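Chains: A, B, C, D and E, in written order; residue numbering restarts at 1 for each.
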Amino acid sequence: QEQVQVAGSSTVLPYATIVAEAFAENTEFQAPVVEGGGSSAGLKQFCEGVGGNTIDVANASRQIKSSEVETCAANGVANIIEVQFGYDGIVFASDINGPDFVLTPADVFGALAAEVVVDGEVTANPATNWSDVNPDLPEQAIMAFIPGTKHGTREVFEEKVLLAGCEETGAMEAFAEANGGDEDAAEAACMSVRTDGASVDIDGDYTETLARIASNPNGVGVFGLSFYENNTDKLKVATINGVTPTVDSVASGEYPVSRPLFFYVKKDHIGVVPGLKEYAEFFVSDAMAGPGGPLAEYGLVPDPQLADVQATVADEATIQ
Amino acid sequence: MNDMNIVERNVTTDTFKITARKVQVYYGEKHAIKDVDVDILDKTVTAFIGPSGCGKSTFLRCINRMNDTIDVARVEGEIKLDGENIYDKRVDPVQLRAKVGMVFQKPNPFPKSIYDNVAYGPRIHGLARNRADLDEIVEKSLRGAALWNEVKDRLQEPGTGLSGGQQQRLCIARAVATAPEVLLMDEPCSALDPIATSQVEELIDQLRKEFSVVIVTHSMQQAARVSQKTAFFHLGNLVEYGDTDDIFTNPQDPRTESYISGRIG
Amino acid sequence: MTDVTDTAAFGPGGERHTSGSLLTESARTRKRNAAEKRFKAYGIGAIAIAILSLVFLLTSIIGDGASAFRQTYASIPVTLSADVVDPDGNRDPEEMSGVYSMSYGSLLTDSLRNWIEQEGIQIEGLTDADLSGFFSNEAQASLRNQVLDNPELVGQTVEMTALTSSRVDGMFKGRVSEESASRDAKTSVAQFQLAEAMRENGTLVTRFNSSFITKPDASDNRAEAAGIGVAILGSLYMMLIVLVLALPIGVAASIYLEEFAPKNRFTDIIEVNISNLAAVPSIVFGILGLAAFINFAGLPRSTPIVGGLVLTLMTLPTIIISTRAALKSVPPSIRDAALGVGASRMQTVLHHVLPLAMPGILTGTIIGLAQALGETAPLLLIGMVAFVSTYPGAPPAGFFDPASALPVQVYNWTQRADPAFFERASGAIIVLLVFLLCMNLLAIYLRRKFERRW
Amino acid sequence: MPVQWILLIVLAIAVLGYVLGRRRALTLVDGDARRLHSRPTYYGWNVALYAAVPALLVLLVWLFAQPMIIERSIDRYIPEDAVSEGQTRGMLLNEVRKVASTLNGAVAQDVLTRPEALTLTMDDSARMDALKAAGQAVLTKPVILDAAQQYMRSTHTGSIWLSIVTLALALGLAAFAWRRTGPEFRARNVVEQVMRAILIGCSTIAIMTTVGIVLSLVFESINFFRLYPWQDFFFGTEWTPSFGGGSELGMLPLLWGTLYISFIALLFAVPVGLFAAIYMSEYASPRVRSFAKPAIEILAGIPTIVYGLFALVTVGPLLRDWISQPLGLGNSGSSVMTAGLVMGVMLIPFVSSLSDDIINSVPQSLRDGSLGLGSTHSETIRQVVLPAALPGIVGAVLLAASRAIGETMIVVLGAGAMAQISGNPFEAMTTITVKIVGQLTGDNDFASPETLVAFALGLTLFVLTLGLNVFALYIVRKYREQYE
Amino acid sequence: MNDMNIVERNVTTDTFKITARKVQVYYGEKHAIKDVDVDILDKTVTAFIGPSGCGKSTFLRCINRMNDTIDVARVEGEIKLDGENIYDKRVDPVQLRAKVGMVFQKPNPFPKSIYDNVAYGPRIHGLARNRADLDEIVEKSLRGAALWNEVKDRLQEPGTGLSGGQQQRLCIARAVATAPEVLLMDEPCSALDPIATSQVEELIDQLRKEFSVVIVTHSMQQAARVSQKTAFFHLGNLVEYGDTDDIFTNPQDPRTESYISGRIG
């Protein structure tokens, strides 16, 4: 095994490839082999064990779960270095020629939830137009393209938008009441999406969402910030709570819908796999991950505490 | 053992059913039929004889345009059926072949049941009004081809499971079932025993009452027995054509003579 | 056993159907001929549907992808300022290699700005971002390599031909218009005008892009530099493996099942089994490949050998099914003829049956290979989706090096954010189809040789 | 001796064996091949096969077995106290292997000689530095280093024995077969027996694949059914997986979608493909055929993602704007109809090309027989040619059906991802395969029912298609018409 | 025209080449051969005669185990060739068929060139040391089958493009080329003209000098002309077997008698 092997989150994938390419170009090491596949799949591979046929780095768009840490340990992957290198913003965008959307989580919840509360009664969502939900919104049929249940982004969407909107509108309590005070059931109700065709799950990726909006200009889609930034000529972004998503507003935490990005390194492979540590250091170096670097250029929201991150990598500090 | 079925040799009609003029057939480069002129009478059995490979089958296949199916084959000249040129552009070979049926040299039963083999023609031509009609046609045809007794209990078995001679008779039955006006038979008795042969010959004689039959045979005796007219082919040429009696007793051409007396092959 | 008694009773069966002229169609014939015409028309229609679909798909692929084979380059004089390239001034290559390619961007930006001034081009609202985004990031890297190879260039001004960024390139391929540029965060109207001006000036040319075919994939930041070299090699290696394994194994298995195996329950099970394998979703073969070849046999991930093996298993049923059908359609009389002169069964098959079945076998192989060539799903599970920017070695060792594959590269590119990747994905499909066409040509030739009727 | 060398030498022995065997057979009969039982080549092949086949089999087995045996012995060699906390013996073994391969690498790079590598100790800092400089750092404990050296020794001895055994076997059996060569010896039978064994071996690969697939599906499926009640899976009509658990994973909507979409695809592809095949083999001139057939075959090779985009961008909106919206059947661009039609296009060559070959091989005498009875060309085709070609055509259709069931990309893009049961072909639905891919490559926890359901779906589909195939076999047996 | 080739009928040997005992053949349910015992002499021509469908081909196919290729066919009883039971497990049917060649009832040339059709057997059996040898064998066989003159200029054309009789002769040439010890011929002359027939009969007589020939024929004259022994089959039974002279002049069984005199078929 000569090359560093990386796998995991598809959100992190573009950043990792940018780093891998620059790494090969600026050092003596061979370019790492970078694979997508999703955070969980990456972490699963990561935890399969140490040695020859296992990957060295796992990318993730969420933090490793304790269950995964246990699996790792059971398979001999005991020393894991966790590196959080930035954030990903999640945005709503619609066709560039359509009307503007000024959304709040409550609006989204009202438009897309399977059940809503009308006059204190829990009923199936009756809204057909955005203006039914909020008169300030455009008079346009509700048609949303949201990530399918296989995507990690869906989880963020459910928690940070639907659940937040649910609580905001007070529907949460009504659901709890309807379920006899069962909080979990209420949460589940908050996060369930209508299935009458107004909301379409996208099992593919953002390009598919974009294509669907192109063939269906009424649609509103969910995208990653960097994807949107590469396609501003086709898409119009919606504000959430009045905040326009930008690298800065996400970094400052002003824009509410975002998630951290990580990569995990097998400490046991450092020194065995040539270039592994160098790759990790290169990834979080100022030249790459700092403001104005290639990653930011692509749309990464860099971690404000980049220096700490660099120290973590340099010290090979493992998670306990 | 065999002269018991000799039929009268009087030609009962003198209308020409088929007239061929200057027919040429080429297989690619090979010139297989050269300049053949022949007039085939209605209600008559005409025998084609000649050594193997002389073009009998080829000429026979011209008469119902079966040569159309051979890519390399090319036919020139004129063949008229009831005064109409069958190679005319307006002629539909399908209609032609319904009128001019054919039994092939190599038995080629369909991989279907015996019944379906025979019923095939009547079905496509709509000759039967109902199932009973069809059953009747099938039985009559199989009887005519001297096969009925052997297969009446196994009509639903595949025709390909029959013996060689049975297959040949099946093909005869199949051709007869469509009731053509002219029946071309390419060595219909080659695989038959003498009894079956004589039955088929009897059938031919029956058919002659109403139609014209052309039969290719290698057996001079058979030609003498069943036919009223005989044509002798040699190396693609029609050497001699005339009343069967004359040909066999008094051939004009030395080639005919030596073939009949067994000297050329 | 004969019908002596009933022949006399025979007369022609049924009623007469055709009498009258051959030149006039009877009503029934007219009907039948109409059916015949319809039948033939259906055939023509079917072919037309198939060909039209093909033409439509091909035109849309070629329409989208042809531009991938052209690329825009600009050549301007670049000053290799020592401040940037060798900040310590020691001309020590070791030290100079510590300067990352990213830093070379400023050289290009500065040089471009100088060049614009020199040429006296006036463009309103031209910002630094427009200038720094004008060239591809690849240009920085090649500049750096140039400097490291020839340290004496430091401080000098060299004429440099560099890739322009995907947006600038898009301006000459109709992807970016002045209007879309105005809304696009990654470009601007000013950049658009600059590019136009440079083109009129002759510094900017769009020409054939051989590096698309030879270069490896590039990251999202430099769509314009991405190529399919590694993917072509990967696909080629996999197809070699599939052809070498699947064809003989498939044909051998079919021969056994069709010509030798006793017809019993067990061979029935095998038969059903094989047809069933054809229906197994390809992703399941990925699962199998992961379990069997990577986890159990310990073969390396992302390599053509594993991909080839998985695709072999996937193609086998297709080849077996079509080969068996072809063997079955050879008439038994041919086998009888050979056995009758004392050929063994094996000889009968190899000398007579197999050549006659060859067209069908080739068809199955072509369809199987075509499918394998275009298959993505199982490769996802065995790591062939990886971003691989180093070429695999020469076979056979190269079979064990990481590589990509054409369909996976297409899949991968259609997921990327930069629209330039879409054009490249279509370009890759064109290459894939050319691949396919070459295989087809061979098959056509062979099929012609073997095809005969009897 | 490296494996490649052994391989080459064995093959060389086989080639030599061929030459000698053939020559011996001929000499024994003074060059008169007619007195031999079999052709001379068969005697050559006989010797060659004896030389190569057993030796290569031993080689293969040995290569698999040796590491396992050596590791077991090394495992005993590592003392219990060398295993530190949080480590397993497996990890140590891994490390041993890695160190051994590092040392081997160093030997290959000429950094160390072999004896040096075998006697290297941790405190030999000069050598250690040399290793590091060569990029072959050995960072490990002395125990491991010892074990690694032991490992190297065993591997070395093992491979020496391997060479001896395989080469001896090849030579010995070649000599044996050579001696047995004689005019009476039935060489052809032996060679054909071996070939037959090879053929059988090839057909068992299909069985092994099936076993492999079932094995790789069944365990995880069992895990799934531990977590999720089977009744709900098989009879549930809701498919709503979610991250937090509490998903509804009823497969009926997926099954419905699968069947519906495949049905529409076949409804399109089978007639079109069959008519195309008929036209090509029966009506078209050779030139048209030699162009049309490969052209249509290209359709099978276009990556499915292209079809998917075609469905999404072109066909979907077209159907929506011209058919479903005007008729009030819904306004979804992605629908069963879209996916079915586009998939149908992809399947055309599966039906047409295979059927074309089969139709073409029906003997001409059958056509002649039918045409001679005055049937039209189309009647001949329908009633004689097609029935005779039926088994092959069913095979082709089955293959197409199989692809339809197994297809993913077109459905993802063309049919939408909506799991629902509806009779309206203009609504979005989804299939089992799409969900297998989705759940498997998705971001769910690997041990959660949401991921494991993929295996259960795979297994269900497997059983389902099995039923379909058994049925097809029955049909073919029943209607088969075997020509001569 | 035909008695000119009558050969002496003295059986020149009395070693048994083939002995069959209690042979039964079933096609699925159908009992096609019933309890047949027969001894076939070496260096002798044996004719099988009998009405169509009586089991001649079936029995013939038993002798070189060609019935193995028919799924539904099942053979019981014992057939010995030179004293060895050919249905023994240890017997290699391939070797058997090399010794016992066969000409089939329906001509089945390979879709290969005429030359390759004939050269196939010699090639797989290694009968020719070199190309010239092979050419010689091919020519000799084609001459023997009376086909050489017709095809000598078109040896490279496909065998399937020949006329029916030519195909039949091609198949004879193919069988003869492998030089078998026993030659089974199923109606080898059914599609041949008298001359070609007499040439093939001459060939058969030649072969008899060294080998044993079994011929199925529907022509009683032919049986009388070429064979020394005749077996008469009827409905699957071997009704009578003996010297050809005796059978034709003095049949013992009434069925034989009526067949020969043309009363059953």
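Just so it is clear, contacts are C-beta pairs under 8 Å (C-beta built on N, C-alpha and C of every residue); 3 or more make two chains touch, one makes a residue touch a chain.
These numbers were taken from a predicted model, which means no experiment stands behind them.
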| item | value |
| --- | --- |
| Both-way neighbours, i.e. chains that touch chain D and touch chain C | A, B, E |
| Most contacted chain pair (by C-beta pair count) | C-D |
| Chain at maximum distance from chain B, centres defined as averaged CA atoms | A |
| Chain centre separation in whole Å, for chain D relative to chain A (CA means) | 35 |
| For chain A paired with chain C, centre-to-centre distance based on mean C-alpha positions, whole Å | 31 |
| Distance from the mean Cα position of chain B to that of chain A, given in whole angstrom | 83 |
| Chain centre separation (chain B, chain E; CA means) in Å | 28 |
| Contacts with 2+ other chains: residues of chain E | 51, 53, 94-95, 106, 124-125, 264-265 |
| In chain D, residues with contacts to at least two other chains | 188, 309, 363-364, 376-377, 379, 441, 482-484 |
| Residue list for chain A, restricted to those that touch at least two other chains | 37, 52, 204 |
| Chain pairs that touch, as defined at the top of this document | A-C, A-D, B-C, B-D, B-E, C-D, C-E, D-E |
| Residues of chain A that touch chain C when the two form their complex | 1, 3, 5, 7, 10, 13-14, 16-18, 20-22, 24-26, 30-31, 33-37, 52-53, 55, 96, 204-207, 226-227, 229-234, 287-288, 293-294, 297-298 |
| Chain D residues within the chain C interface of the complex | 188, 192, 195-196, 198-200, 202-203, 205-207, 209-210, 212-213, 215-217, 271-276, 278-280, 282-284, 290, 292-307, 309-310, 314, 345, 348-350, 352-354, 356-358, 360-364, 376-379, 381-382, 389, 391-392, 395-396, 398-399, 401-403, 405-409, 432-433, 436-437, 440-441, 455, 458, 461-462, 465-466, 468-470, 472-473, 482-484 |
| Chain B contact footprint on chain E (complex, rising order) | 1-2, 4, 27, 49-53, 55, 57-58, 105-107, 146, 150, 161-166, 169, 186-187, 190-199, 218, 220, 259-265 |
| Of chain B, residues touching chain C in the complex | 81-82, 84, 86, 88, 90-92, 94-96, 98-99, 122, 124-128, 133, 136-137, 140-141, 143-144, 146-150, 176-177, 179, 181, 195-196, 199, 202-203, 206-207, 209-211 |
| Interface residues, chain E side, partner chain D - complex | 92, 94-95, 106, 124-127, 129 |
